[in-house]
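As written, the chains take the letters A, B, C and D, and residue 1 is the first residue of each chain.
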Amino acid sequence: MIEVGLFGASGYTGHELVRLLLRHPHAHLRFATSRSHAGRSLAQVFPGAPDLPLVAPEEAPLEDVEALFLCLPHGASAETAAAALQLGVRVIDLSADFRLQDTAAYAQWYGIEHPAPDLLKEAVYGLTEVARAALPRARLVANPGCYPTSVLLALYPLVQAGAVAGPVIVDAKSGVSGAGRTPSLTTHFVEVADNLKPYKIGRAHRHLPEMEQALARWSADPPPLVFAPHLLPVPRGLLSTLYVPLAADWDECRLRALYQQAYGREPCILLLPPQEPATLAHALHTNRCALGLTVAGGTLIVTSAIDNLLKGASGQAVQNFNAMFGFDEQEGLI
Amino acid sequence: MIEVGLFGASGYTGHELVRLLLRHPHAHLRFATSRSHAGRSLAQVFPGAPDLPLVAPEEAPLEDVEALFLCLPHGASAETAAAALQLGVRVIDLSADFRLQDTAAYAQWYGIEHPAPDLLKEAVYGLTEVARAALPRARLVANPGCYPTSVLLALYPLVQAGAVAGPVIVDAKSGVSGAGRTPSLTTHFVEVADNLKPYKIGRAHRHLPEMEQALARWSADPPPLVFAPHLLPVPRGLLSTLYVPLAADWDECRLRALYQQAYGREPCILLLPPQEPATLAHALHTNRCALGLTVAGGTLIVTSAIDNLLKGASGQAVQNFNAMFGFDEQEGLI
Amino acid sequence: MIEVGLFGASGYTGHELVRLLLRHPHAHLRFATSRSHAGRSLAQVFPGAPDLPLVAPEEAPLEDVEALFLCLPHGASAETAAAALQLGVRVIDLSADFRLQDTAAYAQWYGIEHPAPDLLKEAVYGLTEVARAALPRARLVANPGCYPTSVLLALYPLVQAGAVAGPVIVDAKSGVSGAGRTPSLTTHFVEVADNLKPYKIGRAHRHLPEMEQALARWSADPPPLVFAPHLLPVPRGLLSTLYVPLAADWDECRLRALYQQAYGREPCILLLPPQEPATLAHALHTNRCALGLTVAGGTLIVTSAIDNLLKGASGQAVQNFNAMFGFDEQEGLI
Amino acid sequence: MIEVGLFGASGYTGHELVRLLLRHPHAHLRFATSRSHAGRSLAQVFPGAPDLPLVAPEEAPLEDVEALFLCLPHGASAETAAAALQLGVRVIDLSADFRLQDTAAYAQWYGIEHPAPDLLKEAVYGLTEVARAALPRARLVANPGCYPTSVLLALYPLVQAGAVAGPVIVDAKSGVSGAGRTPSLTTHFVEVADNLKPYKIGRAHRHLPEMEQALARWSADPPPLVFAPHLLPVPRGLLSTLYVPLAADWDECRLRALYQQAYGREPCILLLPPQEPATLAHALHTNRCALGLTVAGGTLIVTSAIDNLLKGASGQAVQNFNAMFGFDEQEGLI
């Protein structure tokens, strides 16, 4: 049994992570923090949540845990990670703080100087299916963003195989929990319901550099992305529709073989049969990424669906935890 | 053509009222105010709204209009009304400020001393179907609340006829626009979607004294109410299900005749045939109140549906305006 | 490990039950049937479902299982139950076939003669919290309807204690999965979304005799019910709001003590603190019934929320299975 | 006042068209047909609809009208159109029957031989903003499909100006009313809610040849399309996100000028300012197409939103009617 702690339990990813950790057979949740709700119970913050005491961040007994999950805003996350690592605690950070290796890019996209640049070098980008080999020794894991998880799992086999002939269009649609729990006009029910809203489209969303950084690791000639996120009137779930211009000699048969080889044995990837695009329903309330493949002329359309709170955040964090500590990757996730 | 003004255009009722007034054949919208968005266009506040300039309340040319609609918070509304009435402008107030005649009750439920108690006496409670006779001479109309509109139209014939034998249960369900546009956790999409939430149930909601005051005008022995509002996961629409214990000798046939006589010629009331309860769909995007009647043993179940932004607010305000100025009540509302 | 079978896997309750049984540590799902989808995989019927073969009912190896779950239409269910019981298989029936003890009432409400009236006497009405003592020896369990589960758990302590002074109003709201998966105009997305629809209100819904039968077992003078179901624009979840006229001497303090005594140790009942009504969010994706209590004058308002597919159907079926076979009642349900 | 008739009033577009025609100042709805509901009132088919008698198609007095709107399935529509035209009645057909000029393509995509190929030559493809000049003399108007309306209005200025350098990706999202009112699993509330579903993606949807035919009229070298429709969990509204590879020398400034020149005076096109993508909310319950422009590298992203039942069907039909009979195009649409 691994003693674990959690910072930031009062957001949607924190809440989901609490739920997963309380059911996990090999993890014991030693504490959960919330700055705004310290002293209260999680049940007072989320209807139906377990009666878990929330402690102030300052009072969290860091020294009592082996692993720490951070569901904090960027900036705060890196500071807490640094403190934990000094105590020998392994960290899984769900914020963006350790995703970008380039501190200038971090400053540009997140608006602050990076609080712990020395730690970047050892941070493992925790797209589990790709990072698996590095996880058992990792001290610090940067859990990927929700959009990047859906996009990168869709592109990984293609980019590695050199099957991409030009810029990739990513038309992505996310449920509202991806925008966090802080109230705003953007997340007001009346503004979202019956609506569909593109936002930060083109090359304007923070997840773009995160995705392009990963592609650059996988290929000497990575394709540029055009990225258009849309806010969907659903509480959770994320579907990315990718339009990939194919290099010569890539037909549907060869593409299916490629994905089959890459993902055929992956427990958390659901490769769909021909004619079946991925839908949110394939992925909701699971830690799976569902992938559908359709070829239209020289374009491959990949539909990639995840639950943004599970494979897109807290589920993948637990999957990474499992890989770090030698458990079956699906432990606590089914 | 009547020159009209509107205070408070940047909320949901204000926006709806602008839409109605711009289409109205006999009203000309001279100005619309917004404190927080002064200097901008309504199109910058609501996607797809008309390009209408919003002025600061202080700059509104009150003297140029004959009628004024107030979509302001309580307190602010009464102050603006007082100023307008002094200039001879007739006022239709959509806030709660002139609904309760009892200043002590107002202070208790709204938490402030009434800003203009002298005006209460002349305020007409604008449930149009009931108040019709008083409207042509009214200087100040208190537009009813959304819940009271649905409940009072359901009960009016019954209470007048003495058909109610005891306490009335009102189980009411409202769409989220009834809670206003200010962001809060209560109106966050993720909290509302897939959910149904009772709130302020029993005798705790501000609309209770408003309803009981009206009942007391209609009967020397008015029934008490038990009132349970619920927040529905829809942007607009309101359905009240009323459970009325019947006095002896009231069977379905006699009840239908009663409602037929009361409402058979009302253009804004849709009396549904037997076996057809009212649904939101009967009323959405109309200024109608749909009423369904079902008798079960000694209980009459009345289902009463309105669009909370139309018959429950801005639509009824225009209906009252029409009655005040001698136009057909449905003018601009179909 | 108990070998179990399931008839009727291609409806919503069947699908949910498959999901639960595959995760259950002490049950092994030996087969699942579907008449319309025999020969296909469950994954072809529900997006994201497990790759489980569906067999024709005739080919199900009844003799290989110890327990059988029936998610069949009424009529078909009783026939299958009879065949299974003859082979010594214990049956948990999720249809209405063994809920009503009175065959005349059954014929009246369900439109057919009861196919196996001899079995009625031994059928245990499986409202687990009440039926617990009879379950270990039960051969045949009638799993309660979704509305009755929410209503009866709300009323059980009150009726037993004699706290009810008159007719009880039940205003109930159910998500659409309660209407089954067969397409109809009633369940068409465009008809349901943004709508709220009362249906079969008064004393017209099949669950009414089921509820009154239970009340009559608990009290010599059971209260009559007025029952008004509403179709909610949500996929799952059910909230009943009950209005109970209180007998003299029952104040909030005494009522809370009553419920605390009845349910304080129940793992599947969540008794909410004062001022917190039950919402769907308290119960969704859990096997719990959340209960909130509010006293308004002489009326107790009980808000009772369940997930109609879990505590209202498949979850309670597993809870009953656990009780029948001596497992912890929550096994496989958390 | 023009006497008009309508075939097919019991679908969503028919219902919407009735609503519009009853409000139209220059049209009088002489009859409305419904095969399945003949003899009933429209109010019995749609909750809250007007009390309009529905007649059998055979009994419709074609000779009494000047114009006929057809909301019929393909095949049936062409037959009715032929009969009406012989009587001198001008026809606005909302089906697909007169959209494709190529009868082989029609047979391939719609699965039947064209019932009236002789009429194709004179059919005007009624994308109003483009077809305007031909409408006053048109006897037969093929009202465009919902997807084509949103896509073609987005592309018209670009294709005409030669600004498109390669294949155009169209990621389109439609509300469920676009799928019609006939119940099916695809439109079941539980399958649609909380979901997002790509369907017929690539080059598989019937609207593809309709769009490419229009492009081929506007350019000698029209861009091919990749078209991916998605089913959105909303009752109405349609958003197409188009990714257009730009020819050299086309920057954002020049593109804005191009659209401004094309659409600056169009009453039914809303050209959005920089940084504001089109959302469903811009277009719902209006006859407008809202267009947003974003340049990302060499790609222009056009967001194009319509109400599928208005500008995407019945609204545009009325707009065409207005143009045919010399009325202001917005008459009856505001």
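Convention: a residue touches a chain if its C-beta (ideal position, glycine included) is under 8 Å from a C-beta of that chain, and two chains touch if they have at least 3 such contacts.
Since the model is a prediction, treat every value here as computed from it, not as a measurement.
The chain pair with the larger count of C-beta pairs in contact, out of B-D and C-D, is C-D. Compared with chain C, the chain whose C-alpha mean position is the greatest distance off is D. Put simply, the C-alpha centre of chain B and that of chain D have 37 angstrom between them. Each chain gets one centre point, the mean of its Cα atoms, and the points for chain B and chain C are 39 Å apart. Centre-to-centre separation between chain C and chain D, using Cα means, comes to 46 Å. For chain A, the set of residues that touch two or more other chains comprises 193-194, 233-236, 279, 281, 284.
Of all residues in chain A, only 23, 46-48, 194, 270, 279, 281-286, 288, 290, 334 touch chain C in the complex they form.
Residue ranges of chain C in contact with chain D, taken from their complex: 12, 176-177, 181, 183-185, 187-190, 192-194, 233-236. On the chain A side of its complex with chain D, the touching residues are 167, 169, 171, 173, 191, 193-199, 201-203, 224, 226, 228, 230, 232-237, 239, 241, 243, 277-281, 284, 292, 294-297, 299, 301, 303.
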